[in-house]
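Scrolling down, you'll hit the structures one after another.
Heads up, the next two complexes both have subunit A, just with different partners, subunit B and then subunit C.
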Partner chain A sequence: MSTAIDDAGDRRGKRVMWTYIVCGLSIFTLMLLVGILLRGSQAAWFALDAGVFYSLLSLHGVGMLTALTISGLGTLWYLVNRETPLNEGVAYVAFSLFVGGVAAVIVSVVVGHYGALWTMLYPLPFVGTYWPSWATGAWLIGTLLVMVGFTIWCAQILGALVVRFGGLNGMLGIDYVLRNRAFVQSGKEPPAPEMFAAAITAIDGFIAATAGLLVGIALLVHWLDPTVALDPLWAKNLTYMFGHTFANLTMYMAVAGIYVGLPLCTKRSYHTSVQLTVAWWATLTFVIIAYFHHLYMDFAQAQSVQYIGEIASYLAAIPVVVVTVYGGVLLVHRSGMRWTLGSMFLFAGMIGWVVGGFAAVLDATIPVNVDLHNTLWVPGHFHTYLLEGVVLFTLGWVFVNLEARSGGQTSALVRWLVGVGMFGGGALFLLSFYLAGAAGVPRRYAVEPAPGPFFANIATIGALVLLAGFILAASEALRLARLKPAHVPL
Partner chain B sequence: MNSRRTTAAVILAVTVAGAVLPPLLGAADLPTAQHHLAHSALIAGAVFAGVLFALPSRDTQVGHYGWLLTATLAPIAAMLLMWPSKYTWFEVHPAGHVVEHLGLVGLGFLSGYAGQRYAAGIGWASGLSLFAMAFASAWGFGVAPPGAIAASVSPHATKAGSAVAGPPDPVRGKTLFAQNCAACHGSNGGGGQGPSLLHERERKSFTLAQQWIIDPAPPMPKLYPASLSRTDVRDVAAYVEQL
Partner chain C sequence: MDSSVVLKIFLVVAVLAIVLLLWLANYRQSTPLAQSDLTARGYGIRRYWFWCTLIVAFAVYAITIPAFPYRKAQASVNARHYSVIAQQYGFTLPAVVPLDTPVVFDVTAKDVNHGFGIYDPGGRVITQVQAMPLYVNHLAVTFTVPGRYRVRCLEFCGIAHAAMQGSFDVK
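Moving on, here comes the complex of A and B:
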């Protein structure tokens, strides 16, 4: 491990990281309960008024993504701080903006019943609403606060990496790939893999936040002054350029857990390779234009951008999954790795990433999209990716750290129970999305026969089992956190 | 003063002249989209001057965090200044317009300058981000196409049933069709979930087609008057009659 900073700096970095992660996972827990409420009502276990459903769905969507983003940003902040000391005041400023934003959103939904979903597509938040106008305002201000915090985070990391690695060239490993011989002979080393995760998050995050701020400010202005009309298609492009990228980046943040966490479990190190670097370049370039796959039905837009969306979706997702997971599996293969909760989550997360990524790529394929894209298949793919990918990487990272710090162990029984709960429950929850989605009709049909409560029933049972597994894991995390530190290996 | 800073000062002076003179000479009365583009040009000059003025840094450490916060917040403030309908006010008061332009120039300069002071390259990033927002505004910030949503929000939407002046416009109708009908009837009217509309004029006259769109039978949704104005119905029907 490189140790560019002293112990005090490392401790400060850890404090930032745990502040972010604890906050992120608390929001996550709350949103998990909201999600179960949503699915339970679809299973007709109890009745939710349609307006309340959409309000809770709005909260669930934006809350979950923000929760995982906060944990991911905290982790990356800590890892970058190990390479080059960062000012933690800035991290706390960004953090307060996140917390303020989430609070405003909660007020908007819980008190005001805002319900135009986290994508807040213009003009939905303004036209024919069943909630008061101030709720839309609170929602817009809340999301803007999150975006501003995110921008500040990105700018800080960008500046730090530029200074540390001597410009974009060094930070993206350009010489390392293009002039490999000379680079290696000169004794230089490329950035560690997790630095790519940080760099791509910061660069693409900054670009996406530019789009998000523009549409966010335009919506805010429209709210204050309705005579300022916006172009709906323009707004939709910007919204998804921000929204899709923001959601997708949670994965690229969480992947740092594999690069740094898995080596701790296997006692081997994850090296930067030329393939890995190039794969990250693909993500860097394409994650920002893949969003066109959200506009497949916008016939007013040129068809060519739809094909760009399709191809970019492949190129953003596939290379980095393949290279990272291949590297991860090699790392584990015959390493004699001990199965702990940490290593188990990280390994399972790779499986979720591959499965969820595959389902996403299927859905991004236009001929398939025409038939499969509905409100069951789509949540199926992104919940796989997020719940059995991003969330597991995040938990894996948390446990690897807790285990290393305390030297504590989790009994095989608890490991099994957590595994059965989170993966078994998760599988039930996700499979019913997929099956009902495949059996359902494309969303563009005017009348969509509901698939009935059968699948929703199974899904809700699955989600409850998952919740039980998660609670067990959380209490195990608290137990490990309370153990006396054994040593500080990170 | 070295030559970089001299260049920066010259660029800034030209930009400020571009900001101050047009409103005073009464030449700043532009449609919103062009107005945004003019603003983005001012911002480009100001950012460039700011970046140059900051001089290259060879620091091995980042600058004070105040620069970082300034560089991220200045673009946001500038975008709020670009609030389109405020232009009417600013245009009535040339002095107000000048102040607004100077604000944009100042904030643009600050984005570039503060960013560079934080770390080399960050001024470019935040300046470019501001420029991109200002430039992209021309396609949608206070600029809406004729069509569905703008019409439904506008108080001027024609009242139901009343006659519509002027000849029908099938070209406009084609855009409306892509926005409102293509999802069901196919992008070229060849059919999909809804029936094919090719040779529709043999089944329904122009008048009948309009009546149908105004009051269709399910499962076709009734889009008038919530998302289509009377003029929209006329134009989209004119397009359908050509298929």
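Moving on, here comes the complex of A and C:
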């Protein structure tokens, strides 16, 4: 690996990364338990009061996305810091904003019983509420803190990448694609694949966070002065421009696990190619407008936007997944790689990404969306690529590092048990969403109509099996972390 | 498009993808190749694979456009219009809607966002549209099966969202 920094700089980068990852995965574990409560309640294993259900669902949704964002941003920060030294003070400022934001959100939900979900679709958080007004304020302030932290991260990374690669042209590999021959002959090299992941996260993250701040501040103004009315369609557009992009970017952050982690497992290298660069351009351009698919069923929205929405959804998702996964499989194929927990998670994550992405693309097709919009198909697809994609990339990256650091191995039995738990349990959990969704069971129902509860039963069993696999993996991670370092990785 | 067909397509493709990827990962791992031996062929296939998926994506896009629901509502100017008003936590609906006749639902909401999801007598979603305050969404439908249709709210609208429903008869 090309390393532009000394050992001390690398150690500082690692400290930032592990601070972010440990915090992110701790929140993740908590939210996993909340998720199981929700599904168990839908299965009528016990009865959560509807108000409690929606408060917990609000917490679960925003908490999970923030958890994965925090660990993804930490990983990318570390990788960018290897290329061009970054000021870690900035990383800790952003980090404290994330922590403060999550704390405010928890207070809003646990003490105030806020329950208008992460979407807080105007005018919902103000009409027919069952929680005090201050809880809405605390929620808004919490999410705004997270957005501000995210914006700071984006600004720092963007600045560093622009300087390191000599402007947008170099950073995005424009000459590398458009004047390829001259570029290659001059002996220059395009940015490494994970730098595209960082750049796209920073650029689209900045735009999305700006949209989020805009609508968040507008909601805050309305909270302070209810006579200031907002337009619901405007608010909805901005809400999803932020929310959809934010959720998608967690994937593009975690993907660094493939670009950097898989080469460590396979002792091969992942090169930037013209196709990969073009695919990232497609994501860069379209991920920010792919959210139009959240408004397919708003016929009042300009029609042209609907027509753009479908193709933008395809182009944001398809090229980058087909090229990245193709490259990942090519790395593994006949490499003589040995399966470890790290390589297993990274490879399985690619499968989850492909499967969840395909389910998403189906639902992003308007004639299909007419029947599936806001059914359980939707949590089906995003839990697939988050739980069996982003989370696995994150865990894979953690294990690859722990394995390299300690030289420790996990027994085949434990690996199998973790695999059966996390993928077998996960499959049951996810399949139930798809089957119920295709049968028309709506999402976000505290009490579901038939056949919802039947599938919720299977899903809860699956989620518990998954939890067992996750606990086993976590204890294995702690065991590896406590082993004496064999050598310094990377 | 019928959701059960979509489900089948999804399951078949998902299983194929899983089997293919696992096979590629485990195939002859005990006799490794140098990366350079693999990339020569692999990169050639990649170009083909990249452009093929893009062409398929554009083809699917083109094929699905005629089935978009937006024009239909505009085209049915002569259809009978029925007003639908959603409000926490119920719908104001027509009691009866004619069979085999193009109708348009003019859907809006009084307080917050709701969803107007129509379930046929067999319990399947046949179509839907959002109900948004200050806006009216026009949903064109022609019912071809008589019976009692249930309406469920398909946008989270508050604590009793799951209980928000209504019904009308098609005859």
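Just so we're on the same page, the second predicted complex is superposed on the first by the 477 of 490 C-alpha atoms of A that agree within 3 Å, B and C clash if a C-alpha of one lies under 4 Å from a C-alpha of the other, contacts with A are read in each partner's own complex, and residues count from 1 in each chain.
We adopt the following convention: contacts are C-beta pairs under 8 Å (C-beta built on N, C-alpha and C of every residue); 3 or more make two chains touch, one makes a residue touch a chain.
Since we're looking at a predicted model, the values are computed, not measured.
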item	value
Combined model on subunit A where subunit B meets subunit C, clash or fit	clash
Which of subunit B and subunit C A:347 touches, first, second, both or neither	second
Touching partner for A:435 - first (subunit B), second (subunit C), both, neither	second
Which superposed partner A:162 touches (first subunit B, second subunit C, both, neither)	first
Partner chain in contact with A:119 - subunit B first, subunit C second, else both or neither	second
Of subunit C and subunit B, partner touching more subunit A residues	C
Which superposed partner A:234 touches (first subunit B, second subunit C, both, neither)	first
Which of subunit B and subunit C A:318 touches, first, second, both or neither	second
Which superposed partner A:335 touches (first subunit B, second subunit C, both, neither)	second
Which of subunit B and subunit C A:306 touches, first, second, both or neither	second
Which superposed partner A:127 touches (first subunit B, second subunit C, both, neither)	both
Single subunit C stretch clashing with subunit B - from 26-34, 62-70 or 134-142	134-142
Footprint overlap on subunit A, comparing subunit B with subunit C	123, 127-128, 231-233, 297, 299-300, 444-447
Residue numbers on subunit C that touch subunit A, as the complex places them	1-4, 6-7, 9-11, 13-14, 17-18, 21-22, 24-25, 27-33, 35, 38-39, 42-43, 46-47, 49-50, 53-54, 57-58, 60-61, 64-65, 67-70, 73, 88, 111-113, 115, 117, 119, 123-130, 132-139, 152-163
In the complex with subunit A, residue positions of subunit B that touch it	59-62, 65, 68-69, 71-73, 75-76, 79-80, 83-85, 115, 118-122, 125-126, 129, 132-133, 136-137, 139-145, 148-150, 152-154, 175, 178-179, 182-184, 187, 193, 218-221, 226
Footprint of subunit C on subunit A - complex, ascending	50-51, 54, 115-117, 119, 121, 123-124, 127-130, 231-233, 236, 268-269, 273, 275, 279, 295, 297-300, 303, 306-307, 310-311, 314-315, 318-319, 322-323, 325-327, 329-337, 347, 350-351, 354-355, 358-359, 362, 365-368, 370-375, 377, 434-435, 437-440, 442, 444-449
Contact set on subunit A toward subunit B in their complex	87, 89-90, 93, 122-123, 126-128, 148, 151-152, 155-156, 158-160, 162-163, 167-168, 206-207, 210, 213-214, 217-218, 221, 225-235, 238, 297, 299-300, 444-447
